[in-house]
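Below: the structure, in structure tokens.
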Amino acid sequence: MIEKRTEISERRRTMFKVKERVFSVLVFTVVICLCAVSLSLGQEKVVKIGAIYPLTGNLASTAMSSKRGLELAADIVNNYYDLDIPFARTKGIPGLNGAQVKIIIGDSRGDPKVGMGEAERLIKSEGCVGLVGAYQSSVTKTASQVAERYGVPFLNSDSSSYALTARGFKWYFRLCPSNETWAQNLVSFIKQVEKEKKATIKTLVILHEDTEWGASSADMQKKYFTQAGYKVLDVIAYPAGATDVNSEVLRVMKAKPDILVMNNYITDGILYTRTFKTLNYNPQHFLTWCGCSEPGYIPAVGKDGNYFFSYSEFAPELAQKRAVVKQIMELYKKKYGENINENTVRAIPAVLLMVDAINRAKSTDPAKMHKALMETDIPADQLISPWAGIKFDPKTHQNIYARYVIVQILNQAYKCVWPPELASAKYVWPWPEWNKR
Amino acid sequence: MEQLGKLLIQMIISGVMMGFVFSLIAMGLTIIWGVMNIINFAHGEFLMIGMFFSFFFFKYVSIDPLFSLPMVAVLLFIIGFITYHLLIKKVLQGPVLAQLVVTFGLSIFLVNLAVFLWSADYRMIENPIASGKISLAGIAVSIPELVASIGSMIIGAAVYWFIKRTKTGMAIQAISMDKDAAAIMGINTDRLNAVSFAVGVMCVGVAGALLSNFYYVFPEVGSFFGVIAFATVALGGFGSIEGAMIAGVIVGLAEIVGGFLLAPAYKYAIVFAIYLAVVLIKPTGLKGW
Amino acid sequence: MMLEVRDITVDYDGVVALEGVSFSVERGEVVSIIGPNGAGKSTILRTISGLLRAKSGSISFKGKEIHNLPPYRVVEHGIAHTMEGRRLFGLLSIEKNLLLGAYTQKNKSSIHNKLEEIYALFPILKERRKQLAQTLSGGEQQMLAVGRSLMAQPDLLMLDEPSLGLSPVLVKKIFETVKDINQKGMTLLLVEQNVREALELCNRAYVLQTGRIVTQGSGKELLSSDLIRKAYLGI
Amino acid sequence: MNIKTRHIWLILLALFAIVLPLILDSPFARHVLIVILLYSILGEAWSILGGYAGLLSFGQAAFFGIGAYTSTFLLINWGVSPWIGMIVGGFLAVLAAICLAYPCSKLQGHYFAIATLAFAEGLRIIFLNWNAVGGARGLDPPILPTSLWYLEFHESKLPYYYLLVLFLAVVMLAMWKLNSSRLGYYLRALRESNNAAESLGVNTKNCKVIATCISAFITAIAGTFYAQYVLYIDPASVMQLKLSIEIVLVTMFGGVGTMFGPLIGASFLTSISEIFRVVLGGAGRGMDLMIYGLLIMLISTLKPDGVWGLVTERLGRRPGKEKAKTSGE
């Protein structure tokens, strides 16, 4: 009996030894792999800009558009292009002896934790002098924290959560407007409609997807519409990517608002459009954010997409006023075989501004770049976005000239209807009823 | 009051229609579970493949989803058959956990294979034959949804008939009740496992093809339907075809009516709550054993 | 020689269940395998029917090697196996259970005849043929299990503990049925813990202990052997 | 081989753990190590349920989320140290575990699995719409000066790493103790067969509840670590079904019911996933995850006992009795 027991424990011990050995071998392999990865990314004599985007998952297509924008911008800086835009007619960054720009892409998978790791990698392992990205506000939050910690500028041109600039970070700069701006823009637009169309608009319902973006946007809309004297009848959250939106639409119908303000993504946007049509829901009008302006929306719904109001950060109308916009649109089409979209347009200024800051600072020293960024004052005519320029608020680092344009889908094309100076079409108000089209 | 009554009828109709589609998805899953005792985590991905096939038939060969349905069904059947032989068979004798891992792996693989081959774009079939709506006394029914629910009902009934009335179906039932006893009846369990897996995959693929008439197609579309399908199958009772059918309708109704009455944000929470409530009273779901 | 098992060794996950077991069954015989719980009796039957694979040794049936065949092929050779605990398809009707027994049979009229034959043997089954198998009582379930095996029209019927969990009256009845089936020409391999009845019924018997055959002989010889009397009959 | 050699191995392992981040001095590598440790801890906690008691939980994210939310909420609103928040969160998670496990203890196999999934998804939806805890907006723990008391370290990742190593060591020690304890024995009996365990006089219900509670407690503490490390939480990142599934995957990949399984699984899967992501992810074509999925399928079909089994077999050893019960008889 005793013998047997020793035998067992002996075996157990051998097992244990084997386990240990195996374990160390495994961890060692992991270590080697990790080292190999960090070594393979050796130093080159170029200025590296890190970009974090959700390249896997639901948003991969969107992120690909952004990625192309970054590459296009880098290409414009690095090579000679006859474009009326800074850094196009020079090769490289003039203020830094013509140094080349290289974009290093990191995939966040839409996960804040991964985005954080990517920021670490891009800054410390890759030696990026600044970061751009990261699309989702949640990832931008964690990634910009890393940039803040290492004292590296983070230029954000595609996250709209108002909470981002409220943090008062030193190294975080937002070029694009926030969802607070959008709410303000919407209110001004509605005021204008009331005046121009003699419409009586009193009540609204806000519909939003249950994501950080949806919820915080709804907060802002509720705040600004209430401030402006409108009555918010209901704020309805719904699960993003729902299989069916009947209950949401029926609830809206029950509340009977004058206008419906929607915050949704393209997938739900398509579903909503169809459900509105099926249930023949006709308020005075629909104001949407994102859902109707993603590139896939119009092809998916066809004529049913007509008359929806949507936001945009890109107004093709600008092409008539600024030659460079048209040139870039053509350049992009030639290079990638598709039309430029707002995700691309948003990504370009982030890279150009980073380059501009380095150029003015004549260095990639973070402190000097920071100073340059704070002094930024780019006029509207140097931009391809409809913003009124780029200048950062000294405290929040929000671009005070950032704004959205409001578009309406007319004849299955986006037409800019607000702000008035960019408007290219007369908008249709009220909403033409589904069965009278 | 009349308004509310109308809304309720509207919701019940929409709920039941959606429910039939859920039923078909759940039926596929429950057959696979019943026969092989494995949860197929890649179930939603087969839905995605069905949708993509349907979309490609429309886009490149100009065959309407309604007419490509039989081809999609056959293709999915073949894919299911191959998947069984390449993967599922290999882990069937192994630990339960290996079976779960392998279907997780398959799910990750299929989603990203779709991204790799077809990109993560959202696609939609434009103007399929099944489009438009029928309105009657203020109640509106969308035709693609109606077609999907009728189609699901027909396919569901066919599969039900196959399982309950044919010799092969009876053998499949026998395997799901007692694998060894079925084997000594002379049933080739391996072959019928493959058939059941293929039928299960076919069911969900057909549901995908029907959904593609009104739902957008993208690589991750399956994950959402997949989770709902697990809850539906478990609610109906694992392995029970009748259970899956009933539970599908309950889920469809709960989602729409519950979502309306409580708050749309909670509509899937209601589905999960119903599941928990049911299994607390009857631990094997509505119709499980 | 109808069934010949030669020197088979079976293990479960490294634990030896059968070690060098050999025995044979002649056409028309009733052969019993008796032994205590866990001796490996069921394992023998499961190995013959292909549910388990022998590590070494061979099994031949009607002159053909069957030890490498999957269960469904074994059935086709003419071996039916009534497993311990009856293992009915509880949620199917009695008739469907019986029809599944004839799964390998192709001839519809012969299946029908066989079905009538089984109903004649167990009239209660005919009466309740639309009911679910799980609604039957223990004795009826055993009848159904035996009937289901007979549906395959086997040459050899293997019964695993047919009397388990039944009342003495039913046990007697089951053994009568078994005898009856045998008299109609069926060869039987019987595994039983009900040693006395099994030995009285069978032509020959093997005694299995911890995976080995310890003794064998005709039923009568064993009934009178000291070993059996002490160990199993408590005399 | 004697006790001494075993101790030497343990000491070597500890030394290795201490020295590792000093060799790998890039913050990204350390970040990956921290993620590995986090998943190892979560895997160990899952293992108590899935590996020992045979109760498959697909709802670990609920406990993780409760832990992360409780400490963060307390820190934001009342400046409570995450160390205290961690304990409070742990107990809240235990409470949730009791609410879940007590009524669900009679559920078998996959019914239990789906019940945990339903519970976690339901809870996620509630948090997503609960404005008091930020709803879908999530919570940002305040960024405070580096301090152990507030569990925030901005200058270096090493403190997080060493704290997690310590935490993992404690958890593993607890698992080892549990393994040889009466409860561990009961749980293993439970895994083999519910009925058998009951016939042995084991109060299966209590065992299941206790196992769930222990698992929930550890998972919730890990949640607090996550919140303080990442400094941003929202239901989409701390309560997502994907997280629950990753936890299961890590454990099963390493080998269920073994002490080092989760650690090996986490090391393997996380590093593979990260390497593929860094090398291939930039292309945006899903290639990284495709290969990752393929690899998971290959290993699980070729080596159903997990990487652990692969290695032990290579060394001429059976995986032993620790492996999960096979299906059927």
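Each chain gets a letter, A, B, C and D, in the order it is written, and its residues are counted from 1.
Operating definition for what follows: contacts are C-beta pairs under 8 Å (C-beta built on N, C-alpha and C of every residue); 3 or more make two chains touch, one makes a residue touch a chain.
Just so we're clear, the structure is a prediction, and the values are computed from it rather than from any experiment.
Asker: Comparing A-B against A-D, which pair counts more contacting C-beta pairs?
Answerer: By the number of C-beta pairs in contact, the winner is A-D.
Asker: Using C-alpha centres only, name the chain that sits farthest from chain D.
Answerer: C
Asker: In whole angstrom, what separates the CA-based centres of chain A and chain D?
Answerer: The computed centroid separation for chain A versus chain D comes out at 33 Å.
Asker: Using Cα averages as centroids, what's the distance between chain A and chain C in whole Å?
Answerer: 72
Asker: Cα centroid separation between chain A and chain B, in whole Å?
Answerer: The computed centroid separation for chain A versus chain B comes out at 34 Å.
Asker: Need the CA-centroid distance for the pair chain C / chain D, whole Å please.
Answerer: 49
Asker: Quick check: what residues of chain A touch more than one other chain, meaning two or more?
Answerer: Within chain A, residues 56, 60, 64, 210, 237, 239 contact more than one other chain.
Asker: Would you give the residues of chain C that are in contact with at least 2 other chains, written as numbers and ranges?
Answerer: In chain C, nothing touches at least two other chains.
Asker: Could you list which residues of chain B touch at least two other chains?
Answerer: 112, 115, 119-120, 180, 263, 265, 268
Asker: What are all the touching pairs of chains?
Answerer: The list of touching pairs comes to A-B, A-D, B-C, B-D.
Asker: Touching chain A in the complex: which residues of chain B?
Answerer: Listed in rising order, the residues are 3-4, 7, 10-11, 14-15, 18, 112, 115, 119-124, 126-127, 133, 135, 140-142, 145, 214-216, 218, 220, 224-225, 228, 252, 255-260, 263-265, 267-268.
Asker: Along chain D, where are the residues that touch chain B in the complex?
Answerer: Within the complex, chain D contacts chain B at residues 50, 56, 103-104, 106-108, 110-111, 113-115, 117-119, 121-122, 125-126, 128-129, 241, 245, 248-249, 252-253, 256, 284-290, 292-297, 300-302, 304-306, 323-329.
Asker: Sort out for me which residues of chain A touch chain D in the complex.
Answerer: 10, 13-20, 22-27, 30-31, 33-35, 37-38, 53, 55-56, 60, 63-64, 67, 105-107, 109, 111-114, 116-117, 120-121, 123-125, 138, 141-142, 145, 149, 161, 163, 167, 210-212, 214-216, 219, 237, 239
Asker: Under the stated contact criterion, what part of chain C meets chain B in this complex?
Answerer: Residues 46, 49-51, 70-72, 74-76, 80-81, 83, 87-92, 96, 99-101, 103-104, 148, 152 of chain C touch chain B in their complex.
Asker: Help me check something: in the complex, which residues belonging to chain B touch chain D?
Answerer: 33, 37, 39, 41, 87, 90-102, 104-116, 119-120, 179-180, 219, 227, 230-231, 233-234, 238, 263, 265-266, 268-269, 272-273, 275-276, 279-280, 283-285, 288
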